[in-house]
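In what follows, structures are represented as structure tokens.
Same chain, two partners: subunit A is paired with subunit B first, then with subunit C.
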Partner chain A sequence: MTVLGKERAKDFEAIYAGVSGLLDRHQGDPDSRAFNAFLFAAKMATEGILSALDDGKPVISYNLGGIPELLLALGENENEIFPFAMEKVVALQSLVGDSNYNMESIDLAEAQGMSSDVCSTDRATIGNLSKKILPESLCSVFVTAPCDSQTVAAESIKEITAKDVFMIDIPHLHGEREINYVAGQLKEEIKFLEEKSGKKLNWDRLKEVCAESNRMIDQALEWLELRKTVPCPQTSKMLSTMYILLQDGSGTKGGTWVASEFAADAKERVLAGKSAAPGGEKIRAIWFGSPTWYNIGFYEWMENELGMVVPVDMFSYVVPEMYVDTSTPETILHDLARKQIFMPMGRHFTGAPEYFVDDLLRAVSDYKADCALFAGHVSCKHAWGIIGLLKEALREADVPLLDFEFDLFDPRITSTETLQEQFRRFAHDVVLPRLNR
Partner chain B sequence: MNKSEILNVFQDVVKEPLNSYVEQWISGGGKVGGYYCSLIPAEIFTAAGMVPYRIRGPRSEDTALADVYLSSNVCTFVRHTVNIALQGEFDFMSGIVCMNGCDQARRAYEVWKQKTKVPFHAFLSVPRTSEERLLSWYKEELEKLIEAMEKHFSVKIRSQELHEAIKLHNAARANLIRLNDLRKRPSPPISGSEALTVTIAAHVMPLKNFNELAEVLLAALNSDQAPRKYRARFIVSGGELDEPEFLKVMEDQGGLVVYEDTCFGARFYEEQVPEEGDPLTKIAERYFYRVPCARMVNSFPARYANVEQIMTDFHADGLIAQRIKQCIVNAGHLYNFTRRGRSNGMPTLVLDREYLAGGYGQVKTRVQAFIENIESKSKKGAEL
Partner chain C sequence: MPNQEKVTAGVDIGSSTSKAVILVGGKIASYAIGPSSVSPTKTAHLVFQQALSSAGIHREQVTYTVGTGYGRAKVEFADENVSEISCHAKGAHHLLAEVRTIVDVGGQDTKAISINKSGLVMEFAMNDKCAAGTGRFLDFMARSMGLEIKDMVQMHFQDGYPAMISSMCSVFAESEVINLINEEVPLPSIIKGLHKSVANRISTLIRRVGVENEIVMTGGVAKNNGVVETLENILKCRFVTLPGNVDPQIIGALGAAVIGFEKDQSLQSRTENAGNNRGTQQAQF
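Then we have the complex of A and B:
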């Protein structure tokens, strides 16, 4: 099969064919408006990577915890640089392509000596780099969030690519002193990017990019507000895609459009009185931790089989602190630093445990949830490292908790069937009896 | 005292959480400050009138209490040390300082803070790259730590106290550097497991006592010209390694460990703090810029160059890069060591292990095979 008339790496063909097929299948399905918007974005993202590969467009890579605004504002004209979120390929492969390609990449990285303790996201990315299927970057900008795996992967990626890395250090706490510290690093990052790309940062464009980012946050917050409705109007599987959107689509019109489709779909469904659970909503659960991206259909199984819906999760936890005041270059850098720190996942996994625990308890309250789900990706040592304190906090708040271990990209760690059994027992033996008391 | 008598003293010091020297210090009214990572300057504890004590897990056999809070997904080093703390065996400490050394150790801090009786807690947010642009943040973190310690312990940590502390720590580092230099000899007067025992002792006992013992030991070792038989000389690299018995297993197979590029090893004593200039600035610079560890990004090329230099200086035949299972930060550097070893031919053995696991059956087999591999390449074995 060829894509855009040219022979491609098989890996990309799988993504492209997958996303195209899903779009064809769901076109015109009124229940799939939000998901179709995400698929459309995924298709665009894939084409972006392919044209970067074909046209030799300058590429600058960034990692999972990063945001693209500064990269989008480099150069005189729009789109002079292609900001490339390296792990996006792994996520897209899993969500809309063929996850067997991720397995191959994971296995390749391990065969080359990368420990299976390191996050599968990073192992798959390192495998993809070894396969030489990713666009070559001028340099990379990485952040030390959300975890050690991301941080050490930066060093290994540098070893493989021999390209310079600018590291943004995300400190332990998230207060004003820490925001100013990161803002100072963004100034240094600009110097680094200008030197490596030979392009000056266009401050007027940065202002526009940030204004566009703010419009996406507007839509995301409206969407989350609508998802508080009982019954939850929209399928749980949309939630984790918000993270990809924030990471990859911030500052772009396309990203804002997708977020607006999420919100419009939710609004339409609220007005029509529709529920995410076809047989009726029985349990509302807050999912904190990583999503089951190796099987995104798991969420639909929860809704169909258990009547369990997730109105909000960690990956969709957008907060007003992510707005950027575009008044001056200083306010922009300050607020981009704050946005960087407050990105979902990074905000929860770095720093003190209360950042995780308090947001989870707040979500339980704000979204009228009946229980919490600790989705423990095996490599998330920071998350497993607070499990005892989390259990105590939830016991005190009288919130039932299911904690389970899995790998977000690798079904070989915990199968769907095993997870389903755990969820069935939790729903039938713990949560429903409480609700029916 | 002769060599073996002094080594026995050091072995006693490292085998229990509370050693006799610390016990004596506390009974005289002294305070002890615990810490977890090589990037926390021990000089600050000394300047506060405390004995710095690097947290480790000697004699621990179980992690059940720690598993309640940390789960079995966290590394065994962190779980054993937290378990000891939860058992109350570290209650002799007056305070603990942690940092974001890794995701797992920073979570340990919360358990210490919320679930132990240790009264003072402080946390340093240390940058993940030792670039000049971030040095001022690190120094500010140290200033905040000093302020918190002064307030809690009602002490003054001024330039004078820091200067005195630097002198004491430099003396200990000088002794350890001298000890390590002896290991460059064709027949080193001390084995790797013995040398590591001495270095660990420096982390957990009053340095005044340590220096007195170390000087006697050095005098004894200097005159020791006895031949030592071995089949291959190794550098051991990695993060946490405070188990001399792990090195002994390697040495029992015919290897000789001549250098520990580890947190309880050379990372502790390499490079002095200059005694001229503002003491806190000098402390900050020494710790921040010293040969980097695996948690620091943009550090591997410098670290590898350092390892190559050590290989030459200590006449090593191979590199054993090891880590405790679940240690993510060292997994990254081990991957990089593997890649470099494959491309430049440096004999490299990568080992995963559990903390305090004992047994070491697999380690024995793999080290034996590594030695045979080195011998077949270098024909060094023929000289024995």
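Then we have the complex of A and C:
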């Protein structure tokens, strides 16, 4: 089948125009340095898709939860393969403010029999595949993280594209035994990729790619350290972009540059004593769960109206376990496996409840938060499944919790207005009286 | 004037009924409950005036008034508005310091509120976009059966098993009730079934915040012993009784008045401190 066509190019050009327009609008805004860097990266990523399509460059797709390092090291020369994070289009459509586009894709997937229980990110991606707007791949690489929806999506993608899908099983626990289990699968993945692409893995390049990934982690950790400052220096909406950066930009100079801009912006703002909340920071909240991608402006509303800032969320929870020791091919595969397991969201949703609960409690303590927000994406059944344990742990720690139901890409589940009302009540009835603010 | 004589008021404008409570020195002096009208502003004036008259107090004597409830923004004479969640928590904690869970079932919404030992709200859950599990649901059903709510309460305690009402939605439940009547199912059974439906809905909300003793029920539906008994059986617990025969329907207004009392005290204390500080400064310089 061919998925190359004018319809697809038109869609990507619309995203390109949208991202470029946003960038032009924010270009002169000194408060938007970090976000501009992300927009610039989104623009470059869209350009990358368009030129891959124009040049007929071989594409290998990977899913939400995956990382691109192995794909970036395929072939003798740089950029012989275009690694394509399939769900990126859904995020980019939301970024440019076109929720209708994603809703149409979601509906299309459902009309074709995809269960409405499957994550909307995957439903929208399946819809996009059916619309034939995604670049045709030689094959796809999937991980069973961050959630069970990935398994369903992989099967559907295999059927729609009639191309092979390599599936990496992410185990329930995250110890050394499990890391070695994933490292073993990465070896199999390399064989699969070499066979499908006809290109050998370049181990020297993989070393360079992983070193570049490490530089991005350096920047991300520094950025998070700066965000611990009270008041939080930088707008909360930046957090949700970190996951896309990790997924799409790891191992690339562009990705490291964006992360360094995040950190530089945060540092600049800390030194200038700037706060993410224009009227003053009143509440520090840890947001665990999916972000409100369908309306990324929601975070600014929180900051402006409630003085509520989010210094860290689940999507941005980068940890030192994501570093890769580049000494030998064995250490590289071992640590890439560990990075894969410890990716934010995947680490929290694929595994024992403690990974989610403990990280949240640690974040509350490290970032001096006043409360926690359980952002319950309707498809995250694994997350909703531990809500009782989470409530119990937070109650014991005397941390107020707001749990709310919504869909990260589909505003039809919970509207912005309904969320706002829930946040207002939580702020005014629960958190502020405790803080006497 | 000493604090004990301070007069504060709470006015709760609900969707079905409106309530006002007058506190003198932090203690209930009077209260009034009346139907809400299409004009929340007029309703607020009316119910406030009734409570004032009942206590023999002039409006000018009230030092701080707090508005709450669905129509709180329309209590134009209030010094401030506070949400009904905070007010129910405050009112219940004021009367019963041991209470940790409050379930308020009003005309339009149902709230389950978890509070800590200081009376601060820890968590809440509410249904505010559906009549299921609210007083309005029971009103609809009473109307379908040509009964008054008080008749339903009385009939609940007559013999009979609860009929199966499978739908929580008031529209569908009404159809079910009509079918049951046509099938000549005895009214007490239908009423028990309806109370079970409401109690099931309320219990899911309470479980969201966690069932922690002591539990108290507030709001108009708390006066319906049929619902109270059914809910207690579902939750396998007993609700604590409000002391001194306080009407459970006024807890929101009471909480508002208590918040007003605390605010008034705090304002007075700040004024006195400012005065004292000025005095100190004058003495020093």
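The rule is short, and it goes like this: the second predicted complex is superposed on the first by the 425 of 437 C-alpha atoms of A that agree within 3 Å, B and C clash if a C-alpha of one lies under 4 Å from a C-alpha of the other, contacts with A are read in each partner's own complex, and residues count from 1 in each chain.
Here is the rule we use: contacts are C-beta pairs under 8 Å (C-beta built on N, C-alpha and C of every residue); 3 or more make two chains touch, one makes a residue touch a chain.
The structure displayed is predicted, hence computed values, not measured ones.
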Subunit B versus subunit C as contact partner of A:H428, first or second or both or neither: second
Residues of subunit A touched, compared between subunit B and subunit C (which is higher): B
First (subunit B), second (subunit C), both or neither touched by A:D54: neither
Which of subunit B and subunit C A:E225 touches, first, second, both or neither: neither
Partner chain in contact with A:K381 - subunit B first, subunit C second, else both or neither: first
Contacts of A:C147 with subunit B and subunit C, given as first, second, both or neither: first
Which superposed partner A:P400 touches (first subunit B, second subunit C, both, neither): second
Overlapping contact positions on subunit A, where the subunit C interface meets the subunit B interface: none
Contact set on subunit A toward subunit B in their complex: 112-115, 117-119, 126, 142, 144, 147-149, 151-156, 158-160, 165, 167, 169, 171-173, 178, 181, 184-185, 188, 349, 352-353, 376, 378-382, 384-389, 405
Of subunit C, residues touching subunit A in the complex: 83, 85-86, 89, 116, 120-124, 210
Interfacial residue positions of subunit B with respect to subunit A in the complex: 68-71, 73-75, 78, 100, 102-104, 106-108, 110-111, 114, 123, 125, 127-129, 131, 133-134, 137, 294-295, 297-300, 323, 325-329, 331-336, 338-340, 350, 352
Interface residues, subunit A side, partner subunit C - complex: 391, 395, 398, 400-401, 425, 428-430, 433-434
